[in-house]
Each structure stands twice: as structure tokens, then as C-alpha cells.
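Next come two complexes, and both contain chain A; in the first it sits with chain B, in the second with chain C.
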Partner chain A sequence: MVRFKNRYVLCEVVSEDPRCRQCIEDRAVGLAVRDAIGRVHGDYGLACCSISFTVKYLNAYTGTVLLRCRKDSYRLLCSALPFVRQLESRNQRYPCFLNTLHVGGTIRTCQKFLIQYNRRQLLMLLQNCTNEEERRCIQKSLLSCSLTEEQSQSGDEEDDDGTETD
Partner chain B sequence: KGQNRGERGRGRGGWQGGCQSVSEEMPKYITVSTFAQARAAEINAMLKAVAQKSSNSLVFQTLPRHMRRRAMSHNIKRLPRRLQEVARKEAEKAVHQKKEQSKTKCRKARRRHINLVAEFNRRQRKNIWLETHIWHAKRFHMVKKWGYCLGNSPTEKSYRACYRAMTEHCLLQDLSYYCCLELTGRENELLKQLARICSIDTGLTFEEACCLSGRFEGSLNLYRADHYPEDMLGPVTFLWKPRDGSENRQLWIWVHPALKQDILRELKAIFQCSEPEEIYIPEPVATSIQEEKRMDVVLTLGKKRKKEDKEGEKAVPVKKIIGDGTRDPFQSYSWISQTTGIVISDKTMEILRYRLIGPLSHSVLTETLKAASLQTEMADSETELNNWWVENCKDSEKVSLHQRQSAIFELLEGISSPSEMPPGTILGLTVGDPRVNLPKKKTKAVPDFEKYQGRDMHQSWSCAQWKPLSDHTDDPDNDKVRQLYLEGVPVDCAHSFIWDQDICKNVTENKISEQDLNHMRAQLLVPGSHLDLGPCESKIPILLVQQPGKMAGEDRPGWGSGWDIYLPKGWGMAFWIPFIYRGVRVGGLQEALKHSEYQRTPHTPNDFPDSQAGMQFAKELEATLLEKFKRRPPAKRANYVKLGTLSPFICPWGQLTKNWEVRMKASGEFVPSSPHRERCATEGHSFCYPKEEVVKEASPKTGEAEETMEITSSEGALKTEDVTGTQDFGERDETMTTNGFIVLRSEKLLMQLSAWCYPTAGRDRRVRLISRLGQKDMTEDIFLPILMSYPRALVWVNLSLLRKGNPELHAMICIPTEDDLLHLSKDKLFCGPQEPKHRDIFKHKVQKLKEEKKKKKKKENMKALEGDPPSVPDKETTEEHEDLILGLWSDALPDVTSHCSRTLLGYVTRGDFSLAAGCGEALGFVSLTGLLYMLHKQPADKKGLVLLRTPASLQYRFARLNIEV
Partner chain C sequence: MAGFADLNLPQGPDKKSLQSLLEAAAHLGYSAVALNHVIDFKEKKQEIVKPVSPLELFPSLPIVQGTSKRIKVLTRLTLVVSDPSHCNLLRSTSANIRLYDIIAVFPKTEKLFHIACTTLDVDLVCINVTEKLPFYFRRPPVNMAVDRGICFELLYAPAIKDSTMRRYTISNAISLMQICKGKNIVISSAAERPLELRGPYDVANLGLLFGLSESEAKAAVSTNCRATILHGETRKSACGVVYTVKKPRKVEEEETPLPACKKVKTQA
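Now for the complex of A and B:
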């Protein structure tokens, strides 16, 4: 079986301004990335990247974005990502940048990576927390996600045949 | 926020729908707790997404290759333990698709003869197996129909080969599934009642002199007693036993199994045979003797059977079922009338019947069968083998009869085609065991050219029809052949012992088994030499009946003629294999259908829409076609509403005839002037007297009106007549509640119609025809009475396409407009007009319904979530609308005749490219009223031209309509 091979780029929107989260929506992110590619690589690069380019997943609370493009042109995409400087939506624009976390061959590997990454973040937060209330809060949320993990343990374990990542 | 989380928490959809819009009340600052909670929620969503199996592959397919093992799909324990649970669930899901492993025994045990026979007997209990079942099951697609297991068509490619066999050589078919009903009683008693269920109008009756003598087999259509022309029961063939001096006559009525119950019930009713005769129990004595014999054979062959050793003497080998396996042995299958002493017995599966079709079928017969040798001494005084024959041979009169019969049988070889014999000729015979002279190799039986050199031996039908008699040399054999050809088989030769039940039973029970025969063959001194059984050879009484083939129409006379051979039960395979060894080809139900299609004869039960079985068949066909239609995705189906096909799966005969009747009345096209009227009324009654009686009985009003008409003067007659006419129609509506329509089978009328269907001008063909048939011209005063007397009748017609086109099942027969005919005469390559596309008026309805359903489902889901049970009336409404299918007309049918741009005349019941005619041919029914209307309107040189349109196409094709009588 022959299929089109894609690359999925998992990135994080980092912004100083908390209000920026308002404009994290798939249209705005997509436009900003396209714009950056156009600036950096010109029309040819934009056309290459925009074959099957989409925002597959987006979470405004955590600022996670999953982008998809063809395997042939993912280098162009990755190299243009640092040039995204702002997001614009509803006539508001906020400065921000994209932090590439992971590049994967399937959505699944990206999801797995995201789980690990988030868990690591929580642990880091736990180590760095200052007061008792925060500590409790983080512990609670950690426990809440580990609880679901136990429920779906069998399912989680079955996926140790990780598809190769880039 | 909680709401957002809830949204995300919906499993897979949660993460895909993660592209949420940001709500306005988004917090403007980061706190640790929200941050942590957001991460935790995402982890949850991701975990759920990852845990879900992405594709619909099986569990072991998700394993990397190096972890796969060979039998993983069968044996769950081969999987890693963590996956076993999931795999078990999957296996349970797929278990109903898998074939059940029911057998506890090993294959060797299952295939052991005793167990095999027991298993076969068990499987025969539900559906009757023919004696050739096993042979067929290995080579045919089997179908379960009418309570039998029948071969549908060969698994090999043989469509054309079977046709060739029919035309040039010989096609064999096992017709043992036809049922034989035996009537015994005094001749005049039988005839008196039988006259009620058939009519002289349709051709033969049971009283036909040549059939009554037992010389010929006849075929006719049965109706409910005194109901002709309504309430058709079905077509039958019948044979009388030749007179043998005794008072009682025997009559065999052969019926199709689909019609059997109806006909049997009617026969029982008219003869008042309700009393079951004393219960006939197959004596266990005879069978046990045979079993013992078989045991002996087994024991002498060496004690191989462990079973017998184990279970001792008590183990009784299972006996093979011969005859009807589904019968209850304690139920009676014959009925006697108290008053007249007439006995009706159901002899289903008691007599086997094979059909040989093709010009060389009698060379196959003469090569396979050898007349029995005379025998005056018993072979073995203990057995009953052949004792009837020995007794027979002592009577010199019977011996001479047998010699005459066998002489005639040998002469058959000299006749080039069975169509040369008079139709339905019966020849009785007693033959020796056909297994004895089995050829070593399969050979093709061809007639002996040397022996009858004077005659030109043609193998094709076209030449076989006419042969100058003076051509023959004066060889004495040829003289005899000529005599046979001219005079047919004499009456006394039709006698056969197969009519005698006791002899049949004797023959069946004393058959030498295949095993014994092979054993004897093995002990021959010279291997492969002829086995001479001497006095032990069984003698089997058989009956040969000629099948006339194509009799109606002008082309291919005698096509498809052949011989039917009737055998006592139990001898099926013994005759079947020798036939196969003579190079015949075997056909199934499909081949029989094609045979009748090329012969242009109606096939049972497809082409009898007015009988119960025909209606049942049509309903079943509709169900299967609809099922097939529904299986396709809606975008890939034909949209029959757009194509203007109202009912693609069933022919609405009742609606068609009714619409034509209404149409005629409304248009007033055929309302004649007053002097015509009177005559037509009287003639109309004379045309169909039984009908008129029915009407009279039903309506005293009509009678009164007629009386008044007689009194009043001719000028005033018009009005009253009109009234009676309408009343007539009204009454008929009441009388014809059962079917609503009849099929015209009166030979006289059909002849008339057939003559009218030919073009009058042009090649001046019709003048010849009229002079030949002695028919009248088509004028108003002749066809009006027909119209009046048969307002709702169908006519069986055949159509052959002029140019391109291949008619299909349920194709529509339409009337061409004048423009079409004009176009046709101008343009030689004109294929036919196109139907404009219709609008699908049901599309919106279907879509709306779909949406509603979706909504309802959603609602129900919500309710289920909330914990409410779904309300009952909701479901009912959804089920009501379930039958709305995109592409099918879902309302009650509108006027079927005028729905399309060309007026509808009738429907095709069978149509295909005919290999025999070399063009597309179709058989079907048209409305009589419509046909007369069309013929009346059409110009003289274009008479009988119609348009054909298949249900899934917009293209009309020209075809010529014919009625063959």
C-alpha cells in the first residue's frame, strides 16, 4: 500500500501577554504560519508547504498546536516557524513565537510525545512550586490524569510499537 | 470552564474537536492551578485518543512483524498476554461468520459409508433430494425450491454449450421433482368431473379421443371448477393408462410442485375425496430382508466394520432413503371417494422422470436401453427378482406385445429427429439393466449411418422437418421406419408395466446394488469384457413419451423436441450414468428456462400470473430484486423515479388492465353507433358463453335490462344498452375480486389476434395469412365484442427486436407514436425514441425523513443518557416510513399506462438475447384492450410494431409483436 507521507509538527505558542490566548484559533495560526513561509521562502516555498497543510489540533489553554504538511517540504515549514512573530485575530494582534516541540510521522506519536511532555511539565511545576496550596493543586491534577491512565492501561501499553519519529 | 472540560472529555471527538474557540471569559492571568488543570485535561484527552484502536485492523496486525506468530488468528494464546483480552472480544464478534465446527468425529469416521448415509438421510428430511442429488451437488449450483434441492445451473461455463446440445445433440434434465397425481376410477365418472376444471376453448381436454385411448400424452391448463376463464390453477400434462379390459381407468396428472397443493385440493374437492385410504406403511419385512442380505455381503467381504463388532448383531445398517424423504410414514397419501369410488393418490417421487432434449435424443435412448430378454425360468426361487416378468413371459400374447414394442423402439434409431413423431407419442417398454452395457469410455451417441443409408441423416432441425418419402430405398427396414413415421406408435404399444404399483415396488426392491455389480465385474475372467448376468438381470418397465418441441409459429418448427423417460423409483442413478456416458450434457433449472424461452412457451410458474403459484413467484422475485437493489449504495442505484419506471420489480397486471379499461371507457373511442351495438352485444355473449353465465348468475339486474332491451325498439336500445354495459362492468368488478384480471387462452380468439398482428400492406403477407387461417378482417364489429367480453384480459405475446437492444426482465412494452413510426420508415438506422427524464418528486421527502430520523435518534440518545426509556409511538412512526427508498415509487401507483411519454401496453416477463433467433427476444403479457386499440390505430404496413424499454434505461427500441398459437 502506498500512501502520502506527512509530517506532523507539534509546537507551543509562547507569549508574554496572557491575552494572546484569545487569538489562538486554527485560522489565525494557519494564516500566521503561511505568512511566515511566504516571507522566508517566497511563492515557491509557500506553494510547496501548502499542499495538505492544515492545523490538525489546537488547544488554547495550553497553547499546543499540531501542524501537518507533506514530508517533502517539512524542512521549509520548520525553518519558517521561528519567523512567526505575532498572531492576529479579531483586529487584535499580540506578539508571540512558536516553540517547536516535536516532529512526528503520525499523529499518534505526537500525541504520545505530548503526554510525556505535559507530564514532565507538571513535575517540573511541582518541583518549583512555592506555597502549599499550589503544591496541593498540582498534585491533584497530576493524580487526576494518572487515574485515567490506569483505567486505560491496557490500551496504553499496546502502543509500544512506536512508529519511527523524525 | 467546567463546560469546556466536559466537551473535551468526549473521548476521541474530544481531542479532534479540540480546536475550540476561545470564550470571552478567558482568564487574563496565569495561575498555577489552571495551568496544571489544563495540562492534566490535555493529558487525559491524549491518553484516550492514543488508547483507542485507530484502524479497523485486527489486534495481531498491530503487533510488529517480529512478534507475529503463525496461528495467531486462530489461537488466541499465541498472542502476547496483554492483547489476549482484546483478541477474545474480536474473535467473539467474528464467530458467527465462521462456519461452525460441529463435527465431533474425525473425517475418516464421517466419511465411512454408514455414517455418510445416515448424514444424508438426516439432511433429506427437510427438503426432498432427487436420486441424482449427489451427482448434481458436485457439479451444479444447488437451490432450495418448492421443497426440493434442485440443480440451478452447472458450475462450469456452459451457457452456449447447453444451447448447442439442445439444437445439435442432446440435453438431459432430471425432472423427477414434477409431481404425479394418480386418479383411478370409472372413465365416465372421472371425465364428468374433470370437464369442470378445463375448457374446450383452451385446446385439449381430458376427453380428447387420442389421449383417452392412452396413445398420446396431452397437456392443458386447469381452472377452478366452473370458474373458467378466471381462477387459473396451472398447466399440467396427463396420461391415460391404455384400456386393459377392466372397468377402472388410471390417469396420471403431472404437475409442477409449485402448483401441486392447489391442484390437489381442487381435485379432492371436485371428486369429494376426503377420506384417506387405509394407511400405507412400508412393510419392514422386505427391508429387513434386504438389510440382512447387505449384512451378509459386508461380512463376506471381511470383517472390517468395527462398529458391528462393537455393537453386536443389533446394529442395523441405515437404509438409504428412496423416494420422498420428508414424508411422514403414518400419513396417508391417497384419498378415496365414498360415493364414486374414485381414488386420488399423490405419487410424488414414486416415478422418476428424465427429459432428453435434442435431435439425437433417441439415438442416446436406443444406445443406452436394450429391450429385456425373455425369461421363462426364475433365477433363484427364493428371491422375488423378476417373478413378474417370468409370469409375463408365459403369456404368449404379452410376449408378442413386448416384441412389437421392442421392434418399434429399435426402429426409432432410423428416425432422424424426435420432432418427426406425432406430438406426445407414448411408447411403453421393458428394458434390461442399463448398467450392464456401459461403455468403457464416455462416447458421443450418433445415429448409425450405415444401417439406414437410404435416408439422409440430418442432425439439424432445419432439414429434419421435411423429407420426401420417395427418396427412400426399398430396404425393408426403411419401409418399417416410414410406416412408423406415417402412422405413429400403435395404441397397444403404449402399454407398460410401470402403471402397476406392485411391479414397480418389486423392481425397486430387487435392484442389484452397485457394489454387487462391481464385485461381479471384478470376478470376470477377462477384465473389461461384457458382463452377462443371465437370468439375474433386472427387467425394468419404463415409459417413453415424446415431447413435441416448438409447435407454434413459423420458424424453427420442432425445435427442442425430445423424449421424456419415466422410471420406477430407485433406478435413478442406474439410468443416469449410462446416459451421461453417451455424451449428453446435463442442464438445470436455468437451462429449462432457456429451453422454454427459445421455444416461446410459457414456463411454470413464471409465466402464469393469474395462478396462485405465479403470484407467489412474482412476490418472491420482487423481494429478492428489492433486496439486491437495497444492497447497493444509493448513489450507485438506478433512480427508477427519474427513469419513469413505476414498478421495476413486479408487474402490476391488475393495475394495468384496470387502467386500460378506464381509459377505454373515458375516451369513448370504441363506442359504436347503435346498429352495431346490438350485434356486438349478442356476439360478445356468443364469444364467451361461460363468462356470460357467470355474469348472469351474479346479476339478475343485467338479465332484466336485457329483457327490456328486447322489448324496446332499436332506437331506444342505445340507452338501455349503455346502462347494461356499465352495469356489466360493475358486476364484473365484483366477480373478479380474486385476481382482477384474466389471461386470454381461448385458441379461437388468439388465432384471430395473431392474424391481426401481421402488417397488411407491404409485402402482402397478410392476404396469404388470411386465406390460410380463414380469418376475418379487423373491423369494429368483430373486435368490439371481444373488448366487451374481456375488459380486463392479458394476452401472451412474444417480441423480437428489429435492430439493437437486449430486453430484460420487466421491460415495458409501449405503443409507438405516429412520429416514431414515421421516423423509423425514413431513417433506416433509427434505434428508437428516448424517454424524457422525469423529476424525482420523492427526493425531498426521503431526505426530510432521513433528517428527522437522525434528529430522533439524537433525541433518543439523549433520552437514553438521561435514563428515559424511548417512547413507543415514536418508533412506530419511524417504521411506517421505512419503506421510502430513494429511487423507487413510494406512493400508490398512478395511472401506469400514461405515466411515460409512450402509452404502456404490457410488461416483459422473460427477455434475453436469443441464441436461437440471433436477436433480442422477449416474452410477456400485454393488455388485450390496449393491443386492440393499438392495432386499430396503426397503419396497415406497420401493424404489430411496439416499443420496448428496459426498466433502467431511457431508450426505447423497436420490436415486432407476435402471437403464436
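Now for the complex of A and C:
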């Protein structure tokens, strides 16, 4: 079968400043990643990687980003991701960095990984829970996360119940 | 599978920033971390102080993401040597040096690099990434260091901060790769703030930039670090380590089957 093969890179935006969360938008993240590729690999690298480069999925609450690029140039992209230092949007700059979680060939494998990862995060949050109410909320969402057949818009991952212990 | 380790976290005087660094490292998935104390002989004579035990500094260590164990914190000493007389400190039987888990040396001249690789009793040799190397690597000392189990260390925090440092880092790293073929390399951060740390997957991708193959780059973050930690432990404890392994008992086939009572006697 002749088709274009892509690679999907799943990353997490980690930052110290809680206001950075509202700055996470697809345009800002795409610009930051393109800028880092341009700085590290030059014009050639930037041109190669931007053939099929988009930000496919973004979750501002957990800071999860899914990027897509061509299979031939995913190494250029992955090796430039550590050099992303800040996100910029609406004239505001926040220092942050990207942590690569998973590289997959399809969105479905990345989604499966993300569900497992979020489940582990929820378990760790459960350990740090102090309130009985929060505990029940988290346990309910842990039991209900799964990959169902219906392709809903945002996938079937969980977002945190607002009880982030950063 | 060896866990990921970051062997160079500069030890500043501020306890809170160290705590936030440790939490960031645990969140990213590092199972062992070494706090680095740098001694530079160019300044006035400094005393080698006893390493502060990590248990005193941090009452509760964070749990590593993905496992259920706490992060391991080791102590490390780096000596910046620019003169052969500075190495005497290593040869002297000063009690304080023996207490550190890992000892690293940062040679500034070719002669010192040769001495560090061949005779000095260290675990890591740091490679300068912030300026153009004043000497070229030669094959004999590098091969001797690989035989002795000494690893070469590259830092990546200067590369993230500044663009000229990035060029020096990449050129020095690639010239090292051409000589040592990617063996015994350790990549570590010298991160002063949690924002300068990068996850182990990302650091392995950085290794690709330095000319390593993918398996060598992953080994640079996990297996070689574990080898260095073990090397430091053997240096602390004894001149060598003896591993005992139980050999499976060979069942010999006999031509004439012995009656049961006799078999029990011979086996007991």
C-alpha cells in the first residue's frame, strides 16, 4: 500500500509557573517547536520537518501535546525538542520545557499510551489526596477510563479533577 | 533494565532549590541522581569537606514516576585540575575523599588527560563543553580508560542555554565519538534550575545529535551510569569484587540404575 507514513510524538509541557497553562495553544506550541528546529538544524531541518507538521491534539489542563511529522524527519524533530525553552503567546513569555512521553505511528497507539499514563498520574494523585471528597472523585474517574469504540472529539483520556498537586 | 540516572546536579547552598530539582528529576523518571561538589584549584586553596549526607538534607525523598521506589541520591566530587601537583590530593589517603560515592576529574591539558585516563583512580573524566578543546584526543589513553572502566562525561545544560556553547558541545562530542566509537559515554545535565532538566528520552535524543547510535545513546543515560555508580562502590569498598554464582548441579547419567536406597545415600 502506498501512503504517507507519519510519526506522532506525544509530549508534556512542564512549567513552574501555573499561568503558563492558559498560554498553551496550538499556534504557540507549533511556533516554539518550529523555532527550536530552526535554531538547531537550520533552514534545511526546518524545511524537512514542516512538510506535514501540525499540532494534532492539545490539552491545556494536563499540558499534553500531540505533534505529527513525516516518518523521514521525525529524528530531526525529536532531537530538537529538548531545545524548546519558552512558550510565547499574546506577548507573554513563559519559560517551560517539553518532556517526550511516546512516539507512535498512529494516533490510536498514542491514545492508548496516554490513557495508561494518565491512569498512573491519577494513582499518584490519589496517594497525595487529603480530602475524602477528592478521593472519591479520583477513584470514580480511575474506574471509568477506557478506550471505547466511539471516536469522540477529544479522545477518551481523563483530565484531572482540578486537584493538581504541583 | 538499568534505571535512568543523572550524575551531575550542582550542589548549591540553597536547600529549597535542591529539593525542587529533586522533585523535577523524580517526576521525569530518573531513579538515581548525584549531587556534585566542584573543587577548583585555581582559586585559593580549598579544603575538601566531608560530603553532606543526603538523609540530612532531605527528610523525605520523592518517588520516581513509573516505579514505586524513592529516588536515590548520591554524592559526587569533581576536581578541576590544571596542574600535575593537584593530582596529589587524589593519591593521598585523605579520609574525606573516600567518603564520596563518585569521583570525577576535569583535566585541562593533554598531559593531565593522559594521566587521568591511565593512572588516576577516578570514575569519570569530564569533557569540556564550554570552550574549544585545547588538545586533540588520542587513541591510546582513551582505549586504556575504556579498559579500566572509566566513563567520559558530557554536559548538556550549556547547550540548552546558549547557541555558541551548543556549537562547542557538538564539536567536542563528535571528536570524542570518532576516537572512542561511542563506548563509555555518560550524558548528564549541570542543571541549576528545574527548567534546565530534560527527561531521559530527550537526553537520549540529544545523544543522537552527538553522533551516537540509538542504542549507544540510550545506554549513555542508563547502563553506563549504573556502571559508573558500581565502579565508585568498588573503589570505596575494596580492591576488587568477587561474585559468587551457584552452579547448577549436574545430573550424571548412570548406566546401571542404582536401587533407591543407595541413591538416597549418595545424594545426601
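Note that the second predicted complex is superposed on the first by the 131 of 166 C-alpha atoms of A that agree within 3 Å, B and C clash if a C-alpha of one lies under 4 Å from a C-alpha of the other, contacts with A are read in each partner's own complex, and residues count from 1 in each chain.
Following the convention adopted for this analysis, contacts are C-beta pairs under 8 Å (C-beta built on N, C-alpha and C of every residue); 3 or more make two chains touch, one makes a residue touch a chain.
Computed from a predicted model, the values in this text were never measured in an experiment.
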Mind working out whether A:P18 is in touch with chain B, chain C, both or neither, as first, second, both or neither?
first
Based on the superposed arrangement, let me know which partner A:S141 touches: chain B (first), chain C (second), both, or neither?
first
I'd like to know which partner A:K112 touches here: chain B for first, chain C for second, both or neither.
first
Is A:V55 contacted by the first partner chain B, the second partner chain C, both or neither?
first
If we overlay the two complexes on their shared chain A, which of chain B and chain C does A:M124 touch? Say first, second, both or neither.
second
Does the superposition put A:C78 against chain B (first), chain C (second), both, or neither?
second
For the three-chain arrangement built by superposition, which of chain B and chain C touches the greater number of chain A residues?
B
With both complexes overlaid on chain A, does A:T64 touch chain B (first), chain C (second), both or neither?
first
Partner chain in contact with A:P95 - chain B first, chain C second, else both or neither
second
Counting only contacts in the complex, chain B reaches chain A at residues 4, 15-16, 18-22, 26-30, 32-44, 46-54, 62-64, 82-83, 85-86
In the complex, chain A residues that touch chain B:
18-19, 21-26, 55, 57-62, 64, 108, 111-112, 114-115, 118-119, 121-122, 125, 129, 134, 137-138, 141-142, 144-145, 148-149, 152, 154-159, 161
Applying the document's contact rule, which stretches of chain C touch chain A when the two form their complex?
24, 27-28, 63, 65-66, 156, 159-160, 163, 166, 194-199, 201-203, 205-206, 208-209
Give every residue of chain A touching chain C within the complex, in rising order.
14-16, 39-40, 75, 78-79, 81-83, 85, 95-101, 120, 124
